[in-house]
Amino acid sequence: MALTMDAAALNRFLASDFPQLPEGLIIDSATPGLLIARLRIGEQHLRPGGTVSGPTMFALADVAAYAAILSQIGPVALAVTTNASIDFMRKPAAGRDLLAECRLLKLGRVLAVADTLIHSDGMPDPVARCSLTYSIPPKRG
Amino acid sequence: MALTMDAAALNRFLASDFPQLPEGLIIDSATPGLLIARLRIGEQHLRPGGTVSGPTMFALADVAAYAAILSQIGPVALAVTTNASIDFMRKPAAGRDLLAECRLLKLGRVLAVADTLIHSDGMPDPVARCSLTYSIPPKRG
Amino acid sequence: MALTMDAAALNRFLASDFPQLPEGLIIDSATPGLLIARLRIGEQHLRPGGTVSGPTMFALADVAAYAAILSQIGPVALAVTTNASIDFMRKPAAGRDLLAECRLLKLGRVLAVADTLIHSDGMPDPVARCSLTYSIPPKRG
Amino acid sequence: MALTMDAAALNRFLASDFPQLPEGLIIDSATPGLLIARLRIGEQHLRPGGTVSGPTMFALADVAAYAAILSQIGPVALAVTTNASIDFMRKPAAGRDLLAECRLLKLGRVLAVADTLIHSDGMPDPVARCSLTYSIPPKRG
């Protein structure tokens, strides 16, 4: 797999074409085998107890997978999530950014499958794991 | 299964103890077998094309399952989602509320499993399906 | 949705074209909205303690979903499972058949989504829940 | 995480205490971070076209996760699968063994989460990915 969009190009595309992007989310790096997205944690993400909510982690994994697909096939705004499965395993550490490491396991003609591990910055144990399937529209831009 | 909290009690509890509640989300009805949550659709939920984002639907299913568990066991603020699997099947209809119908398939001592179907108000076909597992803390309030 | 193959036609097709069919599995009934598959429990399905193994329940849900799709679109031998999510909630009752009730939530041009509840014959509580996505090959029939 | 049972001990335990073990399944290696299970492919696993069936791959992932847990906590026969999510991504190569690489993402007091990648021996691309949650009984043997 070759890289079509790098982190800078992905951040520009998400900022301009993806208005529902969670606040504080940026792509840290994109290589052919691994994309890393970062969620800068702010008050708006927190649940009681200082942790990040499940839907916010889901949004992080979803954008990371979308960006990983775009990094390969270019800006296809219409790829849509068809399935996601997420395990929440630990509480995120309070006050630390969340990092999502995403690997594409399959990038087919009509379906892509991505696997994402989320952990608190500087902490090795994963807080969540998410696999997502995206449906890719027939004509790629 | 008997009802411990009705829709009014659930809405009061969510409003006071669940600050990350998505804007516009209310519990429409709660019976021993079925809980219905409603998301009043506003600008903040929309993606390009006028549809609701995946993470917003995930948040709706997550709160519906949480409320269904509370409706049975009472206000246990510490129940946490451990796993969720969601299928996104159709685009929600523009400008219509989303309704989440949630059934508890299991309410055990340590784990609860809920199944949720989401559809646009007035449209029969489901837009999403989500199953969630919650871990229930040992001591119930 | 109209019915293209009834239970008898499905059983004939599975017996002739699906050699990996689990022993004892038959389609009990097929209507446009609901397909019921039955697993006649024998020694070969049992784990220690007399219960049915997880992979056997997975196979039951998988065949039920496949049959529900075929009941609508006819004998398409090449539909393949792309994703499955299963919750195991209770031990099956010893010595009772397992019934899988399957509903198609979506039957699209390229993807179908089915939801299946499995319970022991004569017992109301579900032992497992499984959602499956099937990819349908471009040319039907 | 330290290793309590190695591959030889796991194979002895599975052979004696796990009669529903799929034929041809052995544990190749077990280290604190990675367990590898192998399915020696025979006629009984094949679907039309020479590939392995989905339920057989599910069984392989399920046993790999179970063995990975036992490798850490010792022979606890009563750990049970509560949830599994599997993506089938490619057809297995005909005539090649399947290898399941399993990593424990969480090993808690009551729940364990394992992630498994399955590929055909000698082929880099994964054919399936499976995450499983196991419930661990309160008293460990």
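As written, the chains take the letters A, B, C and D, and residue 1 is the first residue of each chain.
Assume contacts are C-beta pairs under 8 Å (C-beta built on N, C-alpha and C of every residue); 3 or more make two chains touch, one makes a residue touch a chain.
All values derive from a computational prediction rather than experimental measurement.
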Chain at maximum distance from subunit B, centres defined as averaged CA atoms: D
Distance between chain centroids, defined by C-alpha means - subunit A, subunit C (Å): 33
Between subunit D and subunit C, distance of the C-alpha-averaged centres to the nearest whole Å: 23
Between subunit A and subunit D, centroid-to-centroid distance (C-alpha), Å: 28
Where subunit C touches two or more other chains, by residue: 82-83, 85, 87, 89, 133
Contact graph of the chains (line, ring, star, complete, other): complete
In the complex with subunit C, residue positions of subunit A that touch it: 82-83, 85, 110-111, 133, 135
Interfacial residue positions of subunit D with respect to subunit A in the complex: 85, 87, 89-90, 105-106, 108, 113, 115, 117, 125-126, 129, 131, 133
Subunit C residues touching subunit D - in the complex, by the definition given at the top: 17, 19-20, 22, 46-48, 53-56, 58-59, 62, 77, 80-89
